[in-house]
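I'd like to ask some things about the structure below.
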Amino acid sequence: MDGASHRRTSEFVMTISKNARLLLASLLGVGLAFIYVPLTVVVINSFNSSRTFSWPPSELTTKWWMMALDNTGVRDALKWSIIAGLSATAIALVLGTSLAFAVSRYNFFGREVISLLVVLPISLPGVVTGIALNNAFTKQLGMSTGLLTVVIGHATFCIVVVYNNAVARLRRMGTSLQEASMDLGANGFTTFRLVTLPNMASALLAGGLLAFGLSFDEIVVTTFTAGPGIQTLPIWIYNNLFRPNQTPIVNVVAATLVFISIVPIYLSQRLSSDSSSGGRF
Amino acid sequence: MIKMEVQMHNKRLFSQIAVASVAALILAGCSSSNDAASSSGVPDVPMMETLGEGEGQVNLVAWAGYVENGSTDKNVDWVTGFEKETGCKVNVKNGATSDDMVALMKTGEYDVVSASGDASLRLIYGGDVAPVNTDLISNYADIFENLKQQQWNSVDGVSYGVPHGRGANLLSYRTDIVKPAPTSWASVFDVNSPYKGKITAYDSPIYIADAALYLMATQPDLGIKYPYALDQKQFDAAIEVLKAQKPLIGEYWGDYLKHVASLKSGGTVLGTTWQVNINLAKSEGTKVEGIKPVEGSTGWSDTWMISSKAKNPNCAYMWMNHIASPAANAGVAEWFGEAPSNAKSCDLTADKNHCATFHAADDAYWEDVYYWNTPTETCLDGRTDVKCLPYAEWVKAWSSLRNS
Amino acid sequence: MQSIANTMHKKPKLRLAALLAAPILWLVVAYLGALATLLVTAFFTIDSFTGNVVQSFNLGNFQDMLTDAAYKNVVLRTLGIAISVTIICTILAIPMAFYMAKIAKPKSQKILVALILTPLWASYLVKIYAWRTMLEPGNGVLDWLLGPIGFNSPGFGGPAIIIGLSYLWLPYMILPIYAGLERLPNNLLDASGDLGAHNWYTFRRVVLPLIFPSLVAGSMFTFSLSLGDYITATIIGGKLQMLGNVVYQNFSINLPFAATIATIPVTIMAIYLWMVRRTGALASL
């Protein structure tokens, strides 16, 4: 199996001309530069002695890094953000996938409206979604806000990320594999576990990672759905941008997050492709 | 064939949307409605009479920097001591704007809010805050007299909060670029200004009052007595001033970071600012000054108010007393960058010049500062023959101005 | 387990109900209900004294919105920005995703995906403030780096908003396309080449149609996230405002009017989805 795919890859590489490969590689380079130049600015600004991010830095200092190490508020905020993000992503994966299945495999009243419904939370200004969710929790369901409401709120707008990716994959996938599996004797659950899910793995992983990113970075809806004791990282950052004395500390936090997040993302990639069937049919 | 299919799809889609909308509307009708309609006076909210035992916690809505517990900077902490002394654990939610704060208070989940003048009357008339029994607040006695019982923090002699501090909206200018040094707000409203495109203004509907203040001096026949009490004619004139000003503006600012960065780089050379921004810009080496022009200026004084639905009223009162105490008030005034409200705080600031820089005890300075207030339909200047425009109209006009 | 599986297999409606129950309950009953309560206030007004909502039906808000040219401006501007961001993200994402999916070796693939995703963790606000430093006219990073070759930063305003938003949502376009291309059988491309098509033709006639659903999936994010955004405009938009700014400014003091403005993004998304449906990208099998 391994040898076969290897052969396929090298066969294919010869089909794309050298010029095309060069062009694509340079476009990739341009894209990566676009992505990383601003992040480099963030890192440099974390050493910038200016409290207003002015450029070029007249003086470099490590005092913001020192302050960040001492800051206990950021650690709590990071903890809440990770918990909320992972929980919201998990919920979004389950709900988004089941919705995607329902919409692409079945015909029912209201099907067409679902696409609109799932995308509303992110297409409306955060304030509208935030207040609507707060009303839903406090006035309709009689709950008080706290971590649970943050998670549910985030899951609400994360569903669409998983849903869209899953629907796109399901359209491409078709039902033939599923039918073949069931013809061969597997029941619904087994088919889902061994045939459908692995084929959707990369779409779901993409959706999950993006959903986590969306949740991790969300400010406005969180303000209205988080209870008094909960402060997520984006809110902590927002507040610090309003504190005249130590704004650059947010650059330190962002830079740190970028560095330390490379590892888990890379690992999650390895995990998914190891478990998927991996084949290009 | 395909066309028919598409048409069928569209018909189905339309009917589904129609049904969903109707269902939603019905649901909406069934869910709890908002408070009952208008009352002609202030809602009757009871005032606390006696202080009891602390409830163990207090939930605050405050501006960033007002409630520091050492997690930002070990030395900046006026909360942990309070928590130890009273047993009230402090949970704070920072609001980004007055609008956020009003919305958060309306949820009923918070006990205390540090309301700016453009929010305070909204909260009072909306029934979201209760009158404050100042007898229960021992530090209230030391608050500067000209902050007590003002139009934005009291109604008919009833006090609705504890003053936090104050600041004026100054005119900033780059001393190395703007010559000669400006002395009047005319420099930001002059359509022939040589600094066109490099002027800034505060990005909030309350800035309309600044235009009104300017008209008080330049068009006295309009009869504007108080910049927050504008009838339709006066309001329209103020909007005209702002429309004429728009081409001069490079950026409107709402957060200090953008503003100070702009001052430093020279993208902005002239416009409304706060003393704290001037200090920050100067510390970065920018040649800038902030002055109160001859016409006077608008300003702000935040008020700590207690929710009408407060779940922890005793701790709430304890907090309001604490933040108004000389030491805490000095701490927050220095950290945030404003004049303290407690007269005794001036002896306790680390920077001995703090009160002088911020004119804390200079009563004469504040004579021509018009603190932010919430415009209401009943004219705030006492006129009864006309209707003034309420803040909702200010906001709508500002949205329109910003996009026209 | 087997018997449940059998029942589910025989009764498709039961399967459907199981799939739909939880998401529908939350989305339709709770979220949509709350949203509808908010948006229905567009037909109400506020008491000019207390500021509380008065539930008497009237169309005044819609009239105000439709007669004031300012709102037409902000809608068109927001729409223009959302469309531009989508186009730019698509153009940037396709070559990157193609390289990652088809040319990169499996090990590099994982690294590249990780590289694309790490910016997501750097915080929206920090990234946009970094763009402020980049775009500052005169002494920003762009002028500092490229000034000597005669390039000028566009400064703050519409182009800045478009650049900023494209930057933020690029991963949301790259990943779906990457996932879609990954499933694209290599032998299709081989066959196309064998039949004599040159690369651009293969791309246009084979690849593009097959990744169209992924493009649509990605564009939904870039378009809708841009539609509701207002923070970027505040930071690097110069004097400009977007729809979200108007809603944000009005929601607390005048909820009915804010709701009126909020119906615009809802309408736009409904039209967008309808158009997508017409192109058949999401046609049922």
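Labels A, B and C are assigned to the chains in the order they are written; within every chain, residues are numbered from 1.
The rule is simple: contacts are C-beta pairs under 8 Å (C-beta built on N, C-alpha and C of every residue); 3 or more make two chains touch, one makes a residue touch a chain.
Here the structure is a predicted model, which means the values were calculated and not measured.
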- Task: Select the category (line, ring, star, complete, other) that matches the graph of chains linked by touching.
- Result: complete
- Task: For the chain pair with the highest number of C-beta contact pairs, give its two chain identifiers.
- Result: A-C
- What is the distance, in whole Å, between the centres of chain B and chain C, each centre taken as the mean of its C-alpha atoms? 33
- Task: Could you tell me the distance, in whole angstrom, between the mean C-alpha positions of chain A and chain C?
- Result: 14
- Task: Quick one: report the Å distance separating chain A from chain B, using the average Cα coordinate of each chain.
- Result: 36
- Note on the structure: Going by residue number, chain C touches two or more other chains at 28, 32-35, 37, 129, 132, 136, 139-140, 248, 251, 270, 277
- Overlap residues in chain B, where contacts from two or more other chains coincide: 9, 13, 17, 20, 31, 100, 103, 255, 257, 261, 265
- chain A residues counted as touching two or more neighbouring chains: 53-54, 112, 116-117, 131, 139-140, 238, 241
- In their shared complex, chain B is touched by residues of chain A numbered 50-54, 58, 67, 70-73, 76, 109-113, 116-117, 131, 134, 138-140, 144-145, 223-224, 226-229, 231, 235, 238-247
- Message: Could you list, by residue number, the parts of chain C that touch chain B in their complex?
- Response: 28-29, 32-37, 39-40, 46-55, 64, 68-71, 73-74, 77, 129, 132, 136-140, 156, 234-235, 238-239, 241, 245-246, 248-254, 257, 270, 274, 277-278
- For chain B, which residues are in contact with chain C within the complex? 6, 9-10, 13, 17, 20, 24-25, 27-29, 31, 33-40, 43, 97-100, 102-103, 122, 125-127, 203, 205, 246, 249-252, 254-255, 257-258, 261, 265-267, 376-378, 390-392, 395-396, 398-404
- Task: Could you please specify the touching residues of chain A with respect to chain C in the complex?
- Result: 8-9, 11-13, 15-17, 20-21, 23-25, 27-28, 31-32, 34-39, 41-42, 45, 53-56, 94-96, 98-99, 101-102, 104, 106-108, 112, 115-129, 131-133, 135-136, 139-141, 152, 156, 159-161, 164-165, 167-169, 171-175, 182, 187-190, 202-203, 206, 209-210, 212-213, 216-217, 219-220, 233-234, 237-238, 241, 250-251, 253-255, 257-258, 261-262, 265-266, 269-270, 273, 280-281
- Item | Residues of chain B defined as touching chain A within the complex | 9, 12-13, 16-17, 19-20, 31-32, 59-60, 63-65, 70-74, 91-96, 100, 103-104, 107-110, 255-257, 260-261, 264-265, 276-277, 280-281, 283-285, 335-337
